[in-house]
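There are two complexes below, and they share subunit A, which is joined by subunit B in the first and by subunit C in the second.
Moving on, here comes the complex of A and B:
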């Protein structure tokens, strides 16, 4: 199926219009707060994209975002709102941070990393079990349950870091530290760790599974119409568990990569809360794994640039939250206008 | 543990339960009204947060708690009017907009707080109380229930009022029909969108007042992200209450008590990490959901926009 030029234009505008509108309205809010939006955006681009160290940071930040995004793609395609990725991410991070310094004393670093990633994935999967059970068994709305599990998970992660896994040699509550030499390898001469490769592989794998395999098709059918799926003889309950496990597992891998690649330790109260921020990117990409790479990079530039802008220009990084909200609203608006115009054409 | 349940312990537990429970009650009642009419209001967390900020700023600069609650209610309604515009009038995705409003409120209040107060966190004086003569002399219960800000009494009365509204009035019937069978309501000549818009605005008002109560009476200060899931707990309460406001009251009391348990235990001198305390309410939500999930109920047309003539 080849796309006609008109369709290409409309799909490009469907993506560009929300982004531009969000940046413009966000800029107006900055203006209202007495800040120069053009200077802000310029600074963000300079620091997040055009400086070599900033660009490397942007790529490093993309790794966990991409893994979370691939987890969300699985869930959203299957019609499941896994909004609990933050809790899954954090507890997986705790697992990796607690385990890695112990294993490294007796195992080679590659094996340590593999085991930590595997355990992190399992921990994240386990954390999604309750919402999966409630959804599969009673059809209970997963939005609320996954959000509750995240609030529980944030505090639970802190308890784990402060009590059982606390490093007694460090006055700050944090886990023991994995030596820099044993963390995820660097790519060539850069500071970028190989987590970005893991993340890209995961995105491609998810895209392939969701669009090219029978299992992916089954998930999509459940997502589009659970009743039809049931009539077609699919075990909707089992697929629900599978979706939660995959989605949470990918988010958990994100947590492991962030710890094993960047920090080497987990501090108490560390919660980057990437989960909900990634949601609009996945929508912008229309659940397409390849497209989400570009949007993630764009967003990582915004985050990294915004972080240095908050120090230099006095605009707190909370501004990124406002931008995300605006993006979501304009996305939904464009989607709605599109729906209306298609209906007009039909009628 | 025997010595723990002293009079002061129980008194501070009950007092805290009411303080924490009132915002949950208002959020739960608001969400119930919204859900009854068929709108799943995920944005309630954001409405509470904006209400908390608006309410705090108003109370801080005017010194009046009533003006604080008024401002909180209006702030919540402003956010709710966005929800009405996007989800009721334009029929956009309720879940996406709900998430957007919550994230946006988090970012906006944190920004506004930064530009208004920089890094300082000014504190309000203690909320004035209206003592109910006779009853406030009862030991333990008196200070917890009968020496409170009048809004506490009003919130409890609101439960009775909403129950009456649901069961005895046309408004209640219309709300229920808008959620159960909007086409039938439309056929009966009642405007579905108007009914839902009214419901969502009411939710925004109640959530905003609840947020303002949390900031002004509960904490005495505004801290960014301070709602910390109370709005979402309100959604859970509404889900489990099956449309009955009295169940929301019971749920809010239970969750309020579990949240207050932490402070009370700390007052009693027990050294529990705050993180464990913060886990309690959410752990309880999960346990309650696992035990009672079978009994949760949501209207058939929930989260579905209404288009006349569409099937």
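Moving on, here comes the complex of A and C:
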């Protein structure tokens, strides 16, 4: 809500210090691998941020990540650990990829895109219904159920692409292709599609709803103390369904945006598995919608730059994940030390 | 009686005091536990029994006072140290590994570098089971034993290293009546061997049936002690009356120190203008029944009504349906059958929001468990039950500035001690959390207010403030229902007192001079004369 300047400085340094530490330790790991860390970081920055095409790639990549992140923020703030975003994302992507080429033959492209997004959202919501029901009705742990629904969802998406939605004119199992001209509009003269606008709007909307509305506060109360929510007369079950629906719907929109903006088709073996990559970012941002934008951009730079670097410098792509993991560890560590020093101050 | 009794005590506590934030859990408790004696430690939930046991078991350290074992001053710094001093403790909940066998569970305590010596372990096992007079197959997995047998294994483990003192924390809470009888036999045998047994319970009957000596704890203090000679001299009924007096009356005497502020009539009732007895009922319950859930006492058949300005008390030993009653009144729990009317409106099936619109407010006894959200600000907690409603929300959008200024005002008028309205509620003391709840629930538009154990865990000053608040609410014409396990509190505040037993209203008593005796009888399950 309202923050004093001292608090802002300390919370920014609580983020910056772990980033620097992660980069330093990550550099040591690179040294141990016989690579030059400075060259690597330099290359990643060049390719991910400072070259025009790399920057565009980074922004494009941010769109689905941000949509997934906004979905996770809704769920995590409500105390629901929806780890099934990957399944929800992928099935929504199948829906968009299957529907768009069919609709475009009879409808204008803007209407095709609107309908595809809506259907994708509904498909993702439907996929989250099972864990939502099990949680609301029987209190079953949603971490387990959403993860299992993701395993099912990935296989199911594969089956859908290979059987009912397969494009017979293509030897690779994939859906029919939406022509480039009919995909999400480009921004100005760039290759960046308008999905990033949708994603940013979603993040701001989620941030506003969670911090400034009765609905958001109710979700937070349910997340913080479900018994208090019940005591205050909230319908915990209904809020649980709403949380799952919103969270999955946003992840589903991410799937639609990725298909309608970037690929135009879906291959049976396509599964970027962004969901579990975004989870640590959302934690780093402490479920804060504005902060998550920064972390997502940072991560997208690492991803895009890291992909180039793996080809050029021979540093495996997974090294990006090592950096994120280091970041999480140092963040927790700094948090812990900060907590201790505060307690000392009090005593 | 055992010859060992009457000699120097095995364990003695001297002035044990333990404080937690906002609560004085043990207040200057001195007790002696003798070998060969079953010493029943009796008290309501929250009386300080568990803390005392924790201190004996080495899990907590007293802030003041000391412990002597066989006349020597000791410090019990860890559970291991407690075992070394030959104090064995059996906790309320079974702490055994279900998938391992009996004998494997018993061998778990050994040092990690030692090989498991099954043969000598079996020898020890048979030795102790013979001592206890129980028969358990040592090679059966724990999970297949009944709860009573599991507890016997726990007792064997507690005595494994040759215990001189056996502490049993609420051992009967999960046993069948037959299991309770068997446990009683085990305790007799052990005390016959000279072991000092500390039998912790909140059940009066068991304390009387099994205890050689009974000590009563109340609000962290030792309310009284009935030594063996006296216990034998008293008959069952006299002893029961004596224990009830200790359990529920003693604080009246203690509170006497704080009595200058309390103006009371004859038997402790606070003077107050009478309410309009001809008025219409504010709330009426007719044959209300709730669904039974495991471990909870449901309502069997409850009927009563309360008029505006009346204070209606609900007495009874904890766990006789008071929780369900409070939740049914608040709309938090559905009534299975029966009728509820609030100010003439039928409300049997309405939930919390509808009930609140009718003016019903509920101040729960679980202040942190369900009454508030510890991780949110004081300001948010003050409007917790009005989320989405004007004036703090407009079209679903939160008006934080109004919420904060409202909070500042409430903090000021209700003297809530908090650094600011942004402070997380969990940082506040118990008394201040209760002030937040009271401020939230009692307002101009409340017509029926339910207080569930309003002074539970509060210190004397906050207790007095909370009671004054209840009286003030009644004087404003609010129909007030006070649920409490403390008889003196009800006597002080109420016009009428209903006594709950086993989910039923055992009787309703006018708060007059002889009310206490009547209520005491009703609490033990005896029907009104």
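Here is the rule we go by: the second predicted complex is superposed on the first by the 335 of 347 C-alpha atoms of A that agree within 3 Å, B and C clash if a C-alpha of one lies under 4 Å from a C-alpha of the other, contacts with A are read in each partner's own complex, and residues count from 1 in each chain.
FYI, a residue touches a chain if its C-beta (ideal position, glycine included) is under 8 Å from a C-beta of that chain, and two chains touch if they have at least 3 such contacts.
Here the structure is a predicted model, which is why all the values come from computation and not from measurement.
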item: Superposition on subunit A - do subunit B and subunit C clash or fit; value: clash
item: Which of subunit B and subunit C A:218 touches, first, second, both or neither; value: second
item: First (subunit B), second (subunit C), both or neither touched by A:236; value: neither
item: Which superposed partner A:115 touches (first subunit B, second subunit C, both, neither); value: neither
item: Which superposed partner A:228 touches (first subunit B, second subunit C, both, neither); value: second
item: Which superposed partner A:187 touches (first subunit B, second subunit C, both, neither); value: neither
item: Touched partner set for A:83, first subunit B, second subunit C, both or neither; value: first
item: Partner chain in contact with A:23 - subunit B first, subunit C second, else both or neither; value: neither
item: Per-residue contact with subunit A, leading partner among subunit C and subunit B; value: B
item: Set of subunit A residues, in rising order, touched by both subunit B and subunit C; value: none
item: Contacting residues of subunit A [partner subunit C, same complex]; value: 1-2, 211-218, 220-221, 224-225, 227-228, 230-234
item: Footprint of subunit A on subunit B - complex, ascending; value: 40, 42, 86, 90-93, 95-97, 99-101, 103-108, 110-111, 114-115, 224, 228-229, 232-233, 235-236, 239, 273, 275-276, 278-279, 282-283, 285-286, 289-290, 293-294, 296, 298
item: Subunit A to subunit B touching residues, read off their complex; value: 29, 33-34, 81, 83, 130, 133-134, 137-138, 140-141, 143-145, 147-149, 151-152, 155-156, 158-159, 162-163, 276-277, 279, 283, 316, 318-326, 328-329, 331-333, 335-336
item: Subunit A partner contacts - residues on subunit C that touch it in the complex; value: 330-332, 351-353, 355-356, 362, 364, 366, 369-376, 380, 384-385, 387-388, 393, 396-398, 400, 422
